[in-house]
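Think of it as A, B, C and D in the order they're written, each chain with its own count starting at 1.
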Amino acid sequence: MRYEAPETKGEAVSLLAMAEGSGRVLAGGTDLLVQLRSGVVKPGVVVDIKKIVETREITTENGGFRVGAAVTGAELDEHKALKKLWPGVVEAVELIGSTQIQGRASMGGNLCNASPAADSVPALIAAGAQCHIAGPDGERTLPVEEFCTGPGVTNLQTGEFLVSFSLPSRPRHSGDAYLRFIPRTEMDIAVVGVGVSLSLDSNGICVAARVGLGAVAATALLVTEAADALIGTSVDEGAIEIMTSAIRSACRPIDDKRGTIVYRTRVSGVLAGRACRIALQRAEQS
Amino acid sequence: MAAVEKIFNDTITDRETRDKTLKWVGTRAPRPDGVDKVTGRAKFGADTYLPNMLYGKVLRSPHAHARIKSIDMSRALALPGVKAGVTRDDFPDHPAGAVQPAGEMVINYRDMTRNIMAREKALYEGHAVAAVAAVNERVARQALSLIEVDYEVLPHVIDVEEAMKPGAPLVREDLITEGVEPVPEEPSNIAKRVEFGHGDLDLGFSKADVIIERSFKTQPVHQGYIEPHACLASFSEDGQAELWCSTQGHYVARGHCAKLLQMDVSKLRVTCSEIGGGFGGKTVVYLEPLALALSRKACQPVKMVMTRDEVFRASGPTSGASMDVRIGATKDGRITAGEAVLKFQAGAFGGSPVPAAAQCAFAPYDLENVKTIGFDVLCNRPKVAAYRAPGAPLGEYAVESVVDELAKTLEIDPLEFRLQNAAKEGTDSSYGPKFGPIGCVETLETAQSHEHYLAPLKPGQGRGVASGYWFNIGGQTSATLNLCEDGSVALVVGTPDIGGSRASLTMMAAESLGIELDKVRPLIGDTSALGYNMLTGGSRVTFAGGIAVHGAAADMIKQLRERAAATWDVPVDDVEWHGGQAVAVNGYKDQEDPMGLLDIAKDMAKSGGPIVGRCSTNAQGAGPSFGCHIVDVDVDKETGRVSVARYTVIQDAGKAVHPSYVEGQYQGGAVQGIGWALNEEYIYDENGKVENAGFLDYRVPVCSDVPMIDTVIVEVPNPTHPYGVRGVGETPLVPPLAAISNAVENALDIRFTELPMSPPRVLAAIESVG
Amino acid sequence: MAREHITTTVNGDPVEFLCDTEQTLLDVLRDELRLTGSKEGCASGDCGACSVTLDGRLVCACLVLATEVEGQKVTTIEGMAVGDQLHPLQQKFLDHAALQCGVCTPGFLVAAKALLDRNSNPTETEVRYWLAGNLCRCTGYDKIVRAVLDTAAEMRG
Amino acid sequence: MARIVLTGNLRLYTEGVTELELESGSIRSLLRELRRRYPDIPEDIEDELAISIDGVLHQDDWFAKIEPDSEVHLLPRIAGG
């Protein structure tokens, strides 16, 4: 196994292109090293992207932010302005593993690992985040909800890698939140995860909403029916009730060691309601 | 040595007065090994290296149950850098009846040699099938992939009740159940049936106004020590060997390895590393005989360390169980009869802790009519290893749940109900012997008046209590005190220090000698340093080690008095040992200046040579320990998550030599119990393979899961011990399962009869009652 | 196989080592540099026994490739005491009997120091969540949390 | 005569007898006498036993004294974690 740490996107792309699929991108490594140790992956070359400036920066971008794919959870947590604009997204990233994991794990890695249970993904979907991808044919952008195509499978083509995310600006009276359920208080993989983002007009009527749902299908989902249940309402309990049933009917989970179909479906609605109330409160206060 | 003898003979009242004069016992002194353990200097199992060292790796069965038709090592052994390989052919077989005492139990070496390396069949996923030693781990792993094993996969069975059914896949084809008459003709997975009790159940139940009968089920769990099994073996060409390993008993490990490798015990020297947790799981051998066999072939040192995955698949664990309990009581709260039938998974070989579970289940109670029956059942899991009060947490989970339900039905406070039926001195225990002085009533009364029990609950919370019992044991123990030329003392003991025993043993040595604590330096000797020592387990070390250390001090004091008497030219009977000094008494009072250790030590050579206090004993009369736990829980009714809001452990320690480490045992046991009750469980797929062999999905409690654990140390002295010590290490894991289940019942008005009470189970129960 | 040559700083000292690209920082600390205070409890980032800091950031050494530490600053438990002066956390762990077997202790100490370096006055809840990635099976965490809170109070003066 | 109680599965070797009175000064002599009366008791049974004399637990303790009025229980050996 070769280890390379290029300093430009171009070098990284050509290294990955030459590897013809036997290349693996290393950001925080909190998933990759476990896979290397267990022999699940045997890459010919590991391309460490952390020396590429764009993957490590948080910069403002027309009222929103551009966040490098390899920026760690700990660094996000320390970025006051980003935390103020998208608290739900930052909270979601902070839920990935322990303090030690936070010192390494990144949103980019969390997304590219393509686990249906990735914590940051439903929050990024709710936030309407875009992925910036570098590749042999130049750069392209993709909405987060279109990035993963199945468990462990992404839309990335050979030679491509995820450089950064765009988190958009947002009007006043907007708020987001992410909640997940785990059996313990820490250190577990999400059994269910729900991200909610909404904007209110000056009369407190919901004018825009997005709801992301994780760990209940092959990939994290954008649930437009759930959002539609909120838009045009004052996000009263009645609307939330309709939203939660939309969430439950969007669930297509499996039975596994972490939860049952029944349990995941049941709890997804519960968390959606709770996350929605937090997002609402934040919107009202912003 | 009047002063010392007195400590042995003194009565409880003497003891109370003496307790006031104790200088070290009962204090929170610094632990002698503390600095090494906070600086990273302490050497654990995987922390040693030898020149020319090889790395050993084990090939493990991917099948839960399979006949091994052939094993071809040739390609693996041909790989450059591979120095040795071993399989079943490298370990001599033992006849079926080859049982002999070793460590705590009689060991069946026919079974043990099959557990460390599969022979006819692989009996569980993770069962060792072959091992190799190579120049580094990478080559060793590569070699494993070149070993060709031809398996014939067989049907498997995991669940205890499935395993007991006629026609279940047989783990051992020729197993005839022990303990039933007439002797069965057909083989089955039931290795043994045991029965305990006294009185007349029918009569007892006929007197009952209320009878409650429930069935319980628990999933198997693992001890969960943080340090994986590790060892380093070095065999020399002349047939002598050295073994360094993380073990609860290096003398016991020596005996097992010598037997399995057919070598003289004296030719194997075992040194125990610092041990990173064991809880019973490091009382047996796994890697050690393999490393020795590989080293013997390669004539190079071989290091072996388990991965966490191997620890979960191939070591420990403890039994999952199915249990039926029936208890009857009168309206005024007197239990008239209790009956329990316990079925325990033994794993691939007989020897589950079901006998102890059957003995302990009703132990907190004074019962006229009681009967417990236990079944030891083979299944395709690793042979279970001891886990902290082996068996007792399960049996008492079932009994204490029904006791709680009875109290509720009779509208009697659960502690009051327990007190009305509590075992006390003179009670015929549920398993036979009369109890001597015990603290069962004291722990219950302490709980009744504890601020926690009296505090109001927050809305939605539930509170539960439960009692627990463990026998505790003594056993063979040796200790040596070497007087150094400057008057300081080197203490050598032979029991691995798993949680502060260097501190407690040193404190008792200083107390018995009457000298400063910092003048005694403890060391854990290797197997060549002392006579035999049974392992660190059964809550025996502070009890039995204390007796040995105290005896060694008595032996040293006898010699010190003789040296002083000779020096003064007075009869030895006119010299006594007081406050760390030889003092002339009787007719010679005040005629000689007292001689301290330094005075005697500096002229030791002239007065007769080295002074060594020795004691090798087989400690008897371990004092049983009772505990009572109080727990408050919150339940999230929408997600089914149970969280522990407050927890108090009350337990009889006899005498707490080092209260901080006694509290630590109470707190650690309670939190292991919280894990067992709420989230810990082995999850098997349809092929009998473990799905959660790691700390990610085998969910031990993390720091943010639990509150502070309050403790109360009750002290009802054990009269057989010089300082009144009872074992304390195991009882703390006995009450939590029932206490937490009782608290959840109190919060939800739903009685759970299955562990763990994980969120999906709890939510399903909540929704089923609407 | 060609081995990588790495130049880094460990506990303030310049260190060079050769490693395979597959080796983790933990493998190198233990097997090449013989700094065995960092323990391998799981090799998957789930137990925290190998906690070290990398340029001041708390990480699991088992989840860092050794080749990644080129030019960085690694701090391990062996770098915590200064001469014969224990760090206040080390002393408080002893005073509070916050260890039993002691195998998780180096990881807890390194993690707790990283907390106190950032937050001189953590609440019990903050301590518990910060340390949630460090497993202890012996103590039930009670005395560990008390030792950390007590150290923070003492260091605040 | 000391009162001897056989618990667990010992009755299988004693034609169902679980309680008897015996004159025996020590555990060693007790075990010999039991095997003399009940030859079915396996020779190495003591390796699997714990013996309680008046409530005090003994394991591997041949010469522990049994008084004429002692109450003695034979139990399965106890192992801990």
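We adopt the following convention: a residue touches a chain if its C-beta (ideal position, glycine included) is under 8 Å from a C-beta of that chain, and two chains touch if they have at least 3 such contacts.
Here the structure is a predicted model, which is why all the values come from computation and not from measurement.
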item	value
Interface with more contacting C-beta pairs, comparing A-C to B-D	B-D
Averaged-CA centre spacing for the pair subunit C and subunit A, given as whole angstrom	29
Cα-centroid distance, subunit B relative to subunit D, in whole angstrom	25
Centre distance in Å when subunit A and subunit D are each reduced to the mean of their C-alpha atoms	68
Centre-to-centre distance between subunit B and subunit A (centres being mean Cα positions), rounded to whole Å	45
Subunit D, residues touching no fewer than two other chains	none
Contacts with two or more other chains, residues of subunit B listed in rising order	223, 278-279, 695-696, 702, 704
Touching two or more other chains - residues of subunit A	185-187
Listing of all chain pairs that touch each other, if any do	A-B, A-C, B-C, B-D
For the subunit A and subunit B complex, residues of the former touching the latter	38, 181, 183-189, 191, 257-260, 262-263, 266-267, 270-271
Complex contact set, residues of subunit B against subunit A	309, 638-641, 643, 678-679, 683, 691-692, 695-697, 699, 701-702, 704-705, 758-760, 763-764, 767
Parts of subunit B lying in touch with subunit C, wherever the complex brings them together	28, 30-31, 33-35, 37-44, 46-47, 49, 138, 223-228, 274-279, 305, 307-308, 498-500, 658, 660-661, 663-665, 667-672, 694-696, 700, 702-704, 706, 708-709
Parts of subunit C lying in touch with subunit B, wherever the complex brings them together	20, 22, 30-31, 34-44, 46-47, 49, 76-78, 80-81, 86, 90, 93-97, 99-106, 109, 124-125, 127-129, 131-146
Interfacial residue positions of subunit C with respect to subunit A in the complex	4, 21-22, 24, 43-46, 48, 51, 54, 57-60, 62-65, 67-68, 111, 114-115, 129-134
